[in-house]
Amino acid sequence: MSATLTTRVSPRRRFVNALMLSLTWVAALVATLPLLFVLFYLLQKGVTSISWAFFTQLPRPPSVPGGGMANAIVGTVVVVGGASVIGVPVGIGAGIYLAERKGAPLAVVVRFLADVLNGLPSIVMGIFAWELVVVPMGHFSALSGALALGAMMIPTVTRTTEEMVRVVPSTLREAALALGYTRWRTSLRIVLPTALAGILTGVLVALARVAGETAPLLFTVLGNPYWSLSLNQPISALPLQIFSYAISPYDDWHAQAWAGSLVLIAMVLVISLLARAATRSGFARASE
Amino acid sequence: MPASEAVAGPNAETEDFASLPARMEVRGLDAYFGKTHAVKDVSMSVPEHRVTAIIGPSGCGKSTFLRTLNRMHETVPTARMRGTVLLDGEDIYAPGVDAVSVRRHVGMVFQRPTAFPTKSIRGNVAAGLGVLRAVGEQFGTEERVEEALRRAALWDEVKDRLDASALGLSGGQQQRLCIARALAMEPGVLLLDEPTASLDPISTEKVEALVHQLRSYVTVVIVTHNMEQAARVSDQTAFFLNGELVELSATTELFTRPRDPRTEAYITGRFG
Amino acid sequence: MVDEVRAGASGETERTPTESPRGRVGIHGGGVGDRVYSSVITLFALAVPVLLLVIFAVVTMAAWPALRTFGWGFITSSDWDPVNNRFGAAPALYGTLVSSLLALILATPLALGVAIFLTEFAPAWLRRPVAFLVDLLAAIPSVVYGLWGIFVLVPILRSYVMPFLRDTLHLGSTPFFSGPAYGPSMLAAGVILAIMILPYISAVSREVLMAVPRSQREAALALGATRWEMLWGAAIPFARSGIAGGVILGLGRALGETMAVTMVIGNRQEIAASLFAPGYTMASLIANQFTEATGDLNLSALMAVGFVLFIVTLVVNAAARWLVWQTSREVGV
């Protein structure tokens, strides 16, 4: 028996290996802690402040009981809805373009720039919307917030749409062409419906991200203590309301901020779950 | 669709293909992908209501050739062609002829079943009918769908679930669905590009039997890498090698008394 | 689409063997519908570069008055004096860089550790839940982190962590951990940013580690390396640029983060060496000062801060993308 076969790994090396192994376990533990920590506090402090009033009442001055964030919840829906009108069509259109014109110079540029757009700080988007809409209009509005958020949705929707359209087998396109479909008909009537489930997922993911944004809303929608559905007026939004309550000196407003956070996270979670469901059903059908 | 006259079975030795009316005629066809010369100066006739098989080793240009017959070749970037392809006497490549319109008259079925996943069975068969309506044809959708499914020998299996998703069908059924989809257009010519390559033996058998019957309704050109299949289903066979048409004869002739030594080498298995 | 006319439409065979083939070009025109469709989707695609250009133009134009007035002094001066119209973004720039750097220092080892854990050591049943939980960190809105930061993190830092660092570890003698510890601080900002960028660095690292070819790993193991030695010596170096890309991506995110930071950093216009001291970041400066801006120059100064932030994140993100792209090319993905 040669000496090499009986040579064992030195104790030091084995120790280092074991140490590093356990450190990665520690890392995993530490990394999952904050989430649990945050969620725990959120539940603990938020649940106690959640009430029917929270969902139905307008904000009230501090120490006046019974206030709620109803208008903020509705406001978030309005602004995010407006953002979708801007972000979804552009995102899907651009995504289709990227998928169909893969290597074209413009496609390469657009793909890169979409990533750049994705990395822009959300406050810069707020500045952009402020300068472009609020200043000329002379007042804050839900519309400007929708613009900022809509622009933020575009990269996510574009990337997902491109991926999902690419995944549709080229044989499907060929089959449609062979039937006498024109190219545009093939894209819109055959390819797009097949990719739809995945595209929907991308839209929902973009929605979830954008619903939680505060910075772009700071100087665009401003916030509104009253009910408002108008795009032309300042509007309340959940993240904004949470922010102003959180930095206020009043305890019951702090409690409401926790409640608001709980609702906001619940909204984001629901949208994310919907996104997963859409993926699953879409993939289940396409992979048969 | 006119009913066929007494159609001789495949391998009928007595048939004189030269005297049969040609549904399609190819003259001096060259096809390129960029600099690659894939099809070299091919001329042949495709007789009406017969099955013409195209055989040859892989890479010999048979699929490329097939795709020039319905102007699918040009959908690939860098694809070019030269030559004449007549459909009922008219050149499908004449200036002003829209490729899209050609494909109404020359249908195609591909190697892998390509059922549209978001459509029902009925929806799939009717998928091309909107195109026909757009050019003014009038017909009843349900009748067309049923007729096409019958001709594709699929009607009995799906008549109770026309609204079900097409994805619920087996591979062989999906391929017949694709055939039905092409037949619903009532094309004059049906091109089959290795239609049974991805099917199991039983489904293959069904599709082959189907091809034989299709002769009454359409003229068939089938590309196959399986010589025995060509021998089974076709009336006339063309042997391609390196982009050239080496030999074209009645199927039985080609397989029993090949004229060209290269044909003989191929069919005796000396090269694949 | 101009179809090249091929002579001999009457059916005669026309061959000119000596000429180069002039066959019909591929991708047929398909008529009006195809052209309209093509234009429409191209238009949508163009919206992206146009949007980016507009954002750049708008921000630059808004920032221009201040930039022109203060020149390079804008990023070196610490004055923020609305009354006398003197504005300098140096503390904010300093704060942005320091808080982001701190976040990177804290988050990168952790993120890498998690990535290695998930790709190498985790038992199969643990993989998905842990990955899910780590990724979920990215889904929590910034303002919620901020809220948690104000009421949970900062008190903890003030009551336990800062005294521990200062007294128990005797770091109080260094300038970095000196001074009063009220809570809202650069340290708080760094910690919260670290939590927020952890999932991004981890996700990218996971991806590139998984892309390391088995052959590389097996070669190291076959030489007698332990698991860890294989990782440290073969896998990680191979994935090096991708991981770097992920780190820089995290940096990009940290630089632009607004809400959570502004809620825990103390919002003080001051450059201090101590991590216990409050400070400013560019993003939090804008958020904080916006409603109090008086006068055009004041506003323009805020826009100028935004402009600087824009440029910095642009450069950093481009570098990150390039690095990740580099790795995928090396691996042949």
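Every chain is named by a letter (A, B and C) in the order it is written, and numbering of its residues begins at 1.
The definition used in the following text is that a residue touches a chain if its C-beta (ideal position, glycine included) is under 8 Å from a C-beta of that chain, and two chains touch if they have at least 3 such contacts.
Predicted model only: the values in this text are computed from it and were never measured.
Peer 1: Where centres are the averaged C-alpha coordinates, which chain has the largest centre distance to chain C?
Peer 2: B
Peer 1: Most central chain by CA mean?
Peer 2: Ranked by how close its C-alpha centre lies to the overall one, first comes A.
Peer 1: Find the geometric centre of each of chain B and chain C from their Cα atoms only, then give the gap between the two centres in Å, rounded to an integer.
Peer 2: 55
Peer 1: Averaged over CA atoms, how far is the centre of chain A from the centre of chain C? Could you give it in whole Å?
Peer 2: So the centre of chain A lies 16 Å away from the centre of chain C.
Peer 1: Averaged over CA atoms, how far is the centre of chain A from the centre of chain B? Could you give it in whole Å?
Peer 2: Each chain reduced to its C-alpha mean, chain A and chain B end up 49 Å apart.
Peer 1: Two or more other chains in contact with one residue: find those residues in chain A.
Peer 2: Those would be 182, 185.
Peer 1: Two or more other chains touching the same residue: where does that happen in chain B?
Peer 2: Counting only residues that touch two or more other chains, chain B contributes 75, 100.
Peer 1: Which residues does chain C have that touch at least 2 chains other than itself?
Peer 2: Those would be 30-31.
Peer 1: Over in the complex, which chain A residues touch chain B? Could you list them?
Peer 2: The touching residues are 169, 171-172, 174-182, 185, 190, 193-194, 196, 285-286, 288.
Peer 1: In their shared complex, at which residues does chain B touch chain A?
Peer 2: These residues of chain B touch chain A: 70, 72, 75, 100-101, 103-104, 107-108, 110, 112, 114, 116-118, 127-128, 131, 165, 167-168, 178, 181-182, 185.
Peer 1: Going by the contact rule set out above, which residues of chain A touch chain C in the complex?
Peer 2: Chain A reaches chain C through residues 9, 13-14, 16-17, 20-21, 23-28, 30-32, 34-38, 41-42, 45, 89-90, 92-94, 96-98, 100-101, 106-107, 109-110, 112-117, 119-125, 127-128, 131-132, 151, 154-155, 158, 182-185, 187-188, 208-209, 211-215, 218-219, 239, 242-243, 246-247, 254, 257-258, 261, 264-265, 268-269, 272.
Peer 1: Under the stated contact criterion, what part of chain C meets chain A in this complex?
Peer 2: 30-31, 33-34, 36-38, 40-49, 51-52, 54-55, 58-59, 61-62, 109-114, 116-118, 120-122, 130, 133-134, 136-137, 139-148, 150-152, 195, 198, 202, 224, 226-229, 231-232, 249, 252-253, 255-259, 263, 283, 286-287, 290-291, 303, 306, 309-310, 313-314, 317-318, 320-321
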